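Several structures are given next for inspection.
Next come two complexes built around chain A: one with chain B, the other with chain C.
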Partner chain A sequence: MATVTRRRHDRSRRLAAATLAVLGVAVLLVPLFARLDQSQVDLHSASLPPGLAHPFGTDEMGRDVLLRVVYGLRVSMLVGLVAAAVSATVGTLVGLAAGTLGGAADRLLMRIVDAFNSVPHLLFGIFIVALFSPGATAVVVSVGLTHWMTAARIVRSEVLTLRSRPFVDAAISMGSGRGRIVLRHFLPHLGPHIALAAVLMVPHAVWHETALSFLGLGLPAHLASLGNMINDGARSLLAGNWWPSLFPGLFVLLPTLAISSLAQHWRDRSNPRRRSELQL
Partner chain B sequence: MLRADGVTVSYDRHRVLDRVSVDVPPGVVTGLAGPSGCGKSSLARVLALLLRPAAGRVSVDGTDVRRWRHRAAPALRTRVALIFQQPRLAVDPRFTLLDVITEPLRVARQPLDRAERLAEEMGLTPDLLVRRPHEVSDGQLQRACVARALALRPRYVICDEMTTMLDASTQAHLVARLEDYRRESGAGVLAISHDTELLDRWCGTDSSIRHLERLWTRT
Partner chain C sequence: MEAGRVIRALARMVAWRLVFVVPLLLAVTIGIFALAKASPFDPVRQYLGDRALTTSPEITERIRANWGLDRPLAEQYLTWLGNLLRGELGESRSMHLPVAQVIGDRLGWTLLAVGCALVLMLAGSLAVGALAAWRRGSWLDRAITGTAYANEAAPVFWTGLLVIWLFAVKLRWLPSGGLTDAASTTTSPGDVLRHMVLPVTVLAFSQSSWLVLYVRESLIATLREDFVVGARARGLRERTVILRHALRSALLPFVTLLGARIPELVTGAILVESVFSWPGVASASVQAALSADFPLLAALTLLATLAVVLGSLAADAAYVFVDPRVRVLGVS
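This part shows the complex of A and B:
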């Protein structure tokens, strides 16, 4: 039984790694070798269903959906990853400070988190975007500054449990200062939790990119991003054309699932329990 | 002399130590016995400067302790080493045994090659040193913890039920190593256990055993 479960874990991990590898190669290489131009408008072949010439069909402007998905994946994943990294970094710093310092500093920081949480974050995001000129940077800053609270809460609660573990007492007794305990003991334990929170942020960040693009505040409309494509595809959905929105949607899902599966595995490995526990 | 004077510790409304005083002189083993729940571990943490008592004073070689935990001066903190009851909880699960032993040396910026000798003295072979806690037994882990505790050559070593979870031969080995260290360095050892037979054997004639129940009401 144990080996079966283990093998299944191994298989899903390999599948996830392979998916990411294929997507990574596609995103890097396809733009170099593509014979078509992703922004080429061809009204004669508009809204073609998936077929041999266009495996994912074409959109209402006659652009090849497969090619645009590859380009869109590139833009959206970059925006999503950077935004998730920004929010995870801000959240980690706040959570670490609150959990490590405790007392009044902790209460103050947590009230700030509550204050940020009480504002509708899309509205707040729009406010931040409005401070910049529309573009990728504005989206990254907006998503990053409105989504760090979850990471802050996760990090704080983890630090609070770590703080009371005897090995932290042992480290203090051996002369370690606060900074060293944070760097040597807290951060390595928090790494997988932070990574998981960041990864789960990625699809959310892509969604925000879509919402902001829809409002004309995100990425420019001609740029193929998964958000823009799902948005454009929604219009042709009314005409019964499912492919221009389904395929970009699938390609939001696929890499996210793959990354979160790998993150799960990493979390298990970096916080080793007894082997018998792992096999349960 | 490591001295606790009239120490009181409460968790919420439950008072575990009420004006307890204990002296740990250098060079001898002091035994401390008492049933579980009587506050032995709390007293150990107070003496290791890890728990601030609600009342009372603690002094290390005449220096009054005014700050606790990471706020206490590292030189004062490292003068008292604490060996925990459960080695599995007392080491970072991500560290290898070698990391466990070298960590205090790194903190104190002392040469790391001493770690290998300490490990050898504790009977830890090189192939064990590269393993992580979940890959070794409780006894092997506790040996690493004792090596860690002795790495900075503390003046006082507090053993809080150090051998309760271990088999007789590991128990004997750890006690023998600590006795070697005590004789060679003149350090004071506070042996805490509910097992009075162990304390009788360990403390022998040149030491005293205190029972915490008797200390309970002493002011």
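This part shows the complex of A and C:
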């Protein structure tokens, strides 16, 4: 039983890694070699079902869905990466401040985290986008502002355990100030935690971009982003054309699944107790 | 045990939580106000619309003074907060109705849809999760967990669209959206019911993944415990063991988890209501956002925050009833 389970886990991990690799290569290379133009309108071949010439079919303006999905993934990934970086940075700063300063500052910051957490993310994002003109910046700001809390919590709790470690005492007794301890002792230890939090944030950020764009509150409508494509696809859906909506959604689903499967594998591996439970 | 002690424990907890809730809500109103002030949108210009170009600066200034926009920020905030507390939520600019009326008209539809979805989600997830745990490792279990993971990663508006395509466009079983048929002038229960099936099912399905996985995992862990082994050893029927012994104790923490899921429920409601043009408060927030309708958007954001806070309060309260340890030892 144990080996079977482990083999199955290995297989799903390889599948996840391969999916991410293929998507990554497609996003980076396809725009360089594509013979078709994703934005080219060709009304003669409008709304063609998937076939040999267009594996994912064409949308109601005759644009190739496969190519547009690749471009859309590129845009969504870019927005997602920037937004994840922004929220990880904000979270790290808040978490470091709370963990290092302690006392009243810590309590105040953690109450602010609670306050942010009690407003539903998407609604808060909608609020921000509505008040500032919609576009990539508004999406990045809204995702960044609504998702830093997890990173802040992780960083704070790590700092709290780091504080009691002997090398921190040693640094303090050798005369290091607060700034030096944060930069030289805390940050290097926090690196992997922050990186993992940021990676896990990317699918979430992509999801947010997609949702906001789908609602018409995200990226400009002419831009091929996954959310805009699903939004466009919704119109031809009532005419019975499923492919312009199905494929962009699949390309939100696949990377998210792959990343969360890899993250879960990583978590299982770093926690032997859980691993043994899984294999019982 | 006795009712008095339960009520006392409950009152203590609610009072303790309210101490935190009030500053939290205040902080959220400050945040909303600060964001609105930082926004480049000028409410006066928006109010005037095209007339802004032809209106003389003096009149614009007078409107500004009338609205109190020339006062210090702190004073503006306190005025706004005072109005909110007195229930004067302002006028919705996009729907040309008082905000209170917009919410009053639409809240019921949202509560109806979300309530039905919650019941469906609970019943469905319990059954499916228990089934997966019981047949652990089988193809059925793998299909259930696989679907749950995929569902968790799938955007709900996308699932909604696919469901519309299948059931409304291809099979023509159910309507694709709205509250009633476009032709009908009254809202008859049967018509509403038919329009409710798809949005409620999609919302319930989209929210169910974590619960299915949670029930499964928790039940698997419990099935290994001594008291379950004991129950089996006493020759009790499999159904009794699973339902009466294992499931009951596996479910303890899930009431609190449910309360913590309200934010996701709000998010799901916004997207599902938008996809199915359901006339509730959640889809109103999108319409308000599309026309930068601050009074409505602010009221809806506060309403959602209140729902989140009350949800976690209710979850903690439910815990007092479910877990005798909390009842006896009190809540920390």
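Here is the rule we go by: the second predicted complex is superposed on the first by the 177 of 280 C-alpha atoms of A that agree within 3 Å, B and C clash if a C-alpha of one lies under 4 Å from a C-alpha of the other, contacts with A are read in each partner's own complex, and residues count from 1 in each chain.
Following the convention adopted for this analysis, a residue touches a chain if its C-beta (ideal position, glycine included) is under 8 Å from a C-beta of that chain, and two chains touch if they have at least 3 such contacts.
Bear in mind the structure is a predicted one, so any value in this text is a computation, not a measurement.
K.L.:
Pick one for A:51: touches chain B only (first), chain C only (second), both, or neither.
P.N.:
The answer is neither, since A:51 touches no partner chain.
K.L.:
Counting only touches as set out at the top, which of chain B and chain C does A:126 meet: first, second, both, neither?
P.N.:
After superposing on A, A:126 lies in contact with chain C but is clear of chain B.
K.L.:
After lining up the shared chain so the two structures overlap, which partner does A:220 touch, if you call chain B first and chain C second: first, second, both or neither?
P.N.:
After superposition on chain A, A:220 lies in contact with neither partner.
K.L.:
Figure out whether A:169 sits in contact with chain B (first) or chain C (second), or with both, or with neither.
P.N.:
A:169 sits against chain B, while chain C stays out of touch.
K.L.:
Identify the partner contact of A:256: answer first if only chain B is touched, second if only chain C is, both if each is, neither if none is.
P.N.:
second
K.L.:
Looking at the overlay, does A:242 come into contact with chain B only (first), chain C only (second), both, or neither?
P.N.:
A:242: touches chain C, not chain B.
K.L.:
When the two structures are overlaid on chain A, which partner does A:188 contact: first (chain B), second (chain C), both, or neither?
P.N.:
first
K.L.:
Is chain A touched at more residues by chain B or by chain C?
P.N.:
C
K.L.:
Check the residue A:177 against both partner chains and state whether it touches chain B (first), chain C (second), both, or neither.
P.N.:
first
K.L.:
Would you please give the residues of chain A that touch chain B in one complex and also touch chain C in the other complex?
P.N.:
On chain A, the chain B and chain C contacts do not overlap at all.
K.L.:
What does chain C use to touch chain A in their complex?
P.N.:
It is residues 20, 23-24, 27-28, 31-32, 35-36, 38-41, 149-150, 152-155, 157-158, 161-162, 164-165, 169-170, 176, 221, 224, 262-264, 266-267, 270-271, 274-275, 285-286, 288-290, 292-294, 297, 300-301, 304-305, 308-309 of chain C that touch chain A.
K.L.:
Going by the contact rule at the top, pick out the chain A residues touching chain B in the complex.
P.N.:
165-167, 169-178, 180-181, 184-185, 188-189, 270-275
K.L.:
Along chain A, where are the residues that touch chain C in the complex?
P.N.:
Per the stated touch rule, the residues are 111-112, 114-115, 117-124, 126-133, 203, 207, 210-211, 214-217, 230, 233-234, 237-238, 240, 242, 245-246, 248-249, 252-253, 256-257, 260-261, 277, 280.
K.L.:
Can you list the residues on chain B that touch chain A in the complex?
P.N.:
45, 48-50, 69-70, 74-75, 77-78, 80-82, 84, 86, 89-94, 103-104, 107-108, 132, 134, 145, 148, 151-152
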